[in-house]
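Have a look at the structure below before the remarks.
Labels for the chains are A, B and C, by order of writing; each one numbers its residues from 1.
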Amino acid sequence: MATLASSASPPHRKKKSKARSSMPGFGLSMGLTLLWLSVIVLIPLSAVFIRSAGEGWDAFWASAASERAIAAYRVSFGTAFIAGAVNSVFGLLVAWVLVRYEFPFKRLVNALVDLPFALPTAVAGIALTALYADTGWVGKLLPAGLPIAYHLPGIVIALTFIGLPFVVRTVEPVLAQMGKESEEAAATLGATRLQNFTRVIFPTIAPALATGFSLAFARGIGEYGSVIFIAGNMPFHTEIAPLLIITQLEQYNYAGATAIAVVMLIASFFMLLLLNLLQGWQRRRVAS
Amino acid sequence: MRFRSPLQEGALVRSALILAALAYLLLILLLPLVAVFAEAFRAGLPGWIEAVAEPDARAAIKLTLLVAAIAVPLNVVFGIAASWAITKHDFRGKELLITLIDLPFSVSPVVSGLIYVLLFGAHGWFGAWLQEHDIEIIFALPGILLATVFVTFPFVARELIPLMTAQGRTDEEAALSLGASGWQTFWNVTLPNIRWGLLYGVLLCNARAMGEFGAVSVVSGHIRGETNTMPLHVEVLYNEYNFVAAFAVASLLAMLALITLILKTFLEWRHRDAIAAMGH
Amino acid sequence: MAITVENVSKEFGAYPALRSVSLSILDGEFVALLGPSGSGKTTLLRIIAGLDYADDGQVYFGSQDVSRVPASERGIGFVFQHYALFGHMTVAKNIAFGLKVMNRRSRPSKADIEAKVEELLDLVQLTGLGTRYPAQLSGGQRQRVALARALARQPEILLLDEPFGALDAKVRRELRGALRDIQRRIGVTSIFVTHDRDEAFALSDRVAILNAGVIEQFAPPADIQQRPQSAFVRAFISD
């Protein structure tokens, strides 16, 4: 076997003057990364802010804070919040059942959870509308006075579909990695199963649950395809913010569209920040 | 003498929880999926074939496939480059870079389309210049491509980065010490190590590329037979009250989703360890 | 509280972890279960605790058959090798846990619980650290908290699973002494599992040496050293 001592000198062909690391290819890979990132993501995104700034503060405020816009934010944020809450409760249930129990077709069920990630939003949109309209399978079974399709509850259902995997997939790994010891310790100290859950298990997964909720919420406020079919889209009542952006665009009101887009982007950045903080909380929790 | 461990709920509680979870999933997930196929075949198989073979539908299918065939490889190259830079080297600002790469995930699809209209639309920054040179981006294929690339941007990178981080650099360092060049190392050592994660990322990237609606809707112009992808064509048919046709085309996308899920499950089952390293 | 183990057997799949093991422990005794890994000592401890169930045989606490009684009702204290502290609770809350989850009728008042926590912190020499979180403590400190927590409900039986296994040699010796003092002072019947012969001999009244699911000898350390009853024991205590 050839000795390593006599091997060729390290191939620092693309050696940076600072010799950051012994691995080659930094210049090429980093350059490509930054180029692609700038051209596809950063420059176009900044276009929104620069364009909006160019229109002036008054025009921005008039569009971003118009009554119709505020109504749209209420619809988008409100329905996303409710859907996120519903998903938190049931997502936790699904995650628990998938991690802790065995039952027939479990693998199938596990794969199904990812359906909202794989199914195009428009397909989900028309399917849900068909189901919950008055003539639909579910719509028929509901009492006459309970409107779902073309009303706010319909939006909540669509966003529940979209957000389901976020909570389940965020909580699952934390639950799976928990390890039996904490629960055994609580059992030896006299805790009932319920006490074990509320005092030991739940606090441990709380950060993951919050993260899952935030992810579902963030996705929900910007969701378009699955919502516009079932929403009704009536301004001030069932119009979501993304639809308002499109409406403004179709009327060539670029200023109006960008103003609302800026609001949405700021909301997204806040969510990103929140998620980062939650990750930090999670890390501290696990460190024992 | 079957006694439950102190860490297990009673059989009754367990069954109740399982049933509740299944009922939830059935209602929220399974029902819509079944509905797609039920509505698609309402006019029987002939009706379905007619809807899917219709010229505008075929054009939409072709466009969707074309967009995916271009966008996915582009993002694969980018994803590999980004992962290589981030995981095999040390530099400040790594966290920031990762966050930036993740940005498209947190942006609304409609905004994702809007940004390109602002750049290349008739009243955009480059609008006048493009018109002068007779180049069409918005309301044409390039625009659709850009929007699709944007929304699928992070998929491959965010599968590879945790995987390659977990794998470390020792294999590459070994190859280098044996005299391999950077490219040789990459092809012969790194690529085989990451192939399942890569496949996984490609799968998800493709599913999103073919199914994207909001972003493409903004940049497309909805020109029948020309700039309608499959999701957009579904919308067009639906708005014309041509429900059976709409669901027929939708069922194709649903089948794509099912294939994606099956492949995903298969990958997860066969390559559990590699996938586990990705943090799934 | 005396402990009697009668003909306890346990199999994991085809692997026999315990083979008809019997043991009689006196009230207030400090007993070590000593043996190499795989000998069944941790399995036996967990069966006594109620964290696992035997396939055959009985366990008695005093005259009461506890074989079917779940761990949360056996009135034991358990100290885990890796502490198993509740990371999201302070030291004080960890120690108070066993008292807080008692049902309304038997639960002590808030003031009583606080007093008990202080008393236990003094006992394990961690006075003043009640508001810290486990992540902020050293390994030795965490194990002291685990001990205090296990003692909070004044159990009649204290079980320890390789309690010093995760600690370095110096801390081990300190804690060894502390544990023995505390056990003598409180007088609680204690069983601890270890693979460290010196530790077992230094701390216990009697040592049970296990090998492949069978107890080879159960006697005071001096007896074992002077009169080893089998080739395995002889080999295990020399080296």
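Just so it is clear, a contact is a pair of C-beta atoms (placed from the backbone, for glycine too) under 8 Å apart; a residue touches a chain by one contact, two chains touch by 3 or more.
This is a predicted model, so every value here is computed, not measured.
Compared with subunit C, the chain whose C-alpha mean position is the greatest distance off is B. Legend note: the chain whose CA centroid lies nearest the centroid of all displayed protein CA atoms is A. Averaged C-alpha coordinates give centres for subunit A and subunit B that are 14 Å from one another.
In this assembly, the C-alpha centroid of subunit B lies 53 Å from the C-alpha centroid of subunit C. Separating the CA-averaged centres of subunit A and subunit C is a span of 46 Å. Within subunit B, residues 6 each touch two or more of the remaining chains.
For subunit C, residues touching at least two other chains, in rising order: 50-51, 70-72. Counting partner chains per residue, subunit A has residues 184, 187 touching two or more of them.
The part of subunit B that touches subunit A in the complex is made up of residues 6-10, 13-14, 17-18, 20-22, 24-25, 28-33, 35-36, 39, 77-78, 81-82, 84-86, 88-91, 97, 99-104, 106-111, 114-119, 123, 125, 146, 149-150, 153, 169, 172-173, 176-182, 185-186, 204, 207, 210-214, 217-218, 230-232, 234-235, 238, 243, 246-247, 250, 253-254, 256-258, 260-262, 264-265, 269, 279-280. Residues 181-182, 184-192, 195, 199-200, 203-204, 206, 284-288 of subunit A are the ones touching subunit C in the complex. For subunit C in complex with subunit A, the residues that touch the partner chain are 49-51, 70-73, 76-78, 80, 82, 84-89, 97-98, 101-102, 133-135, 146, 149-150, 152-153.
Of all residues in subunit A, those touching subunit B in their complex are 4, 7-8, 10-11, 13-14, 20-26, 28-30, 32-33, 36-37, 40-45, 47-48, 51, 90, 93-94, 96-98, 101, 103, 107, 109-124, 126-128, 130-131, 136-138, 157, 160-161, 164, 169, 173, 180, 183-184, 187, 193, 196, 218, 221-225, 229, 241-243, 245-246, 249, 252, 254, 257-258, 261, 264-265, 268-269, 271-272, 276. Residues of subunit B that touch subunit C in their complex: 1, 3, 5-6.
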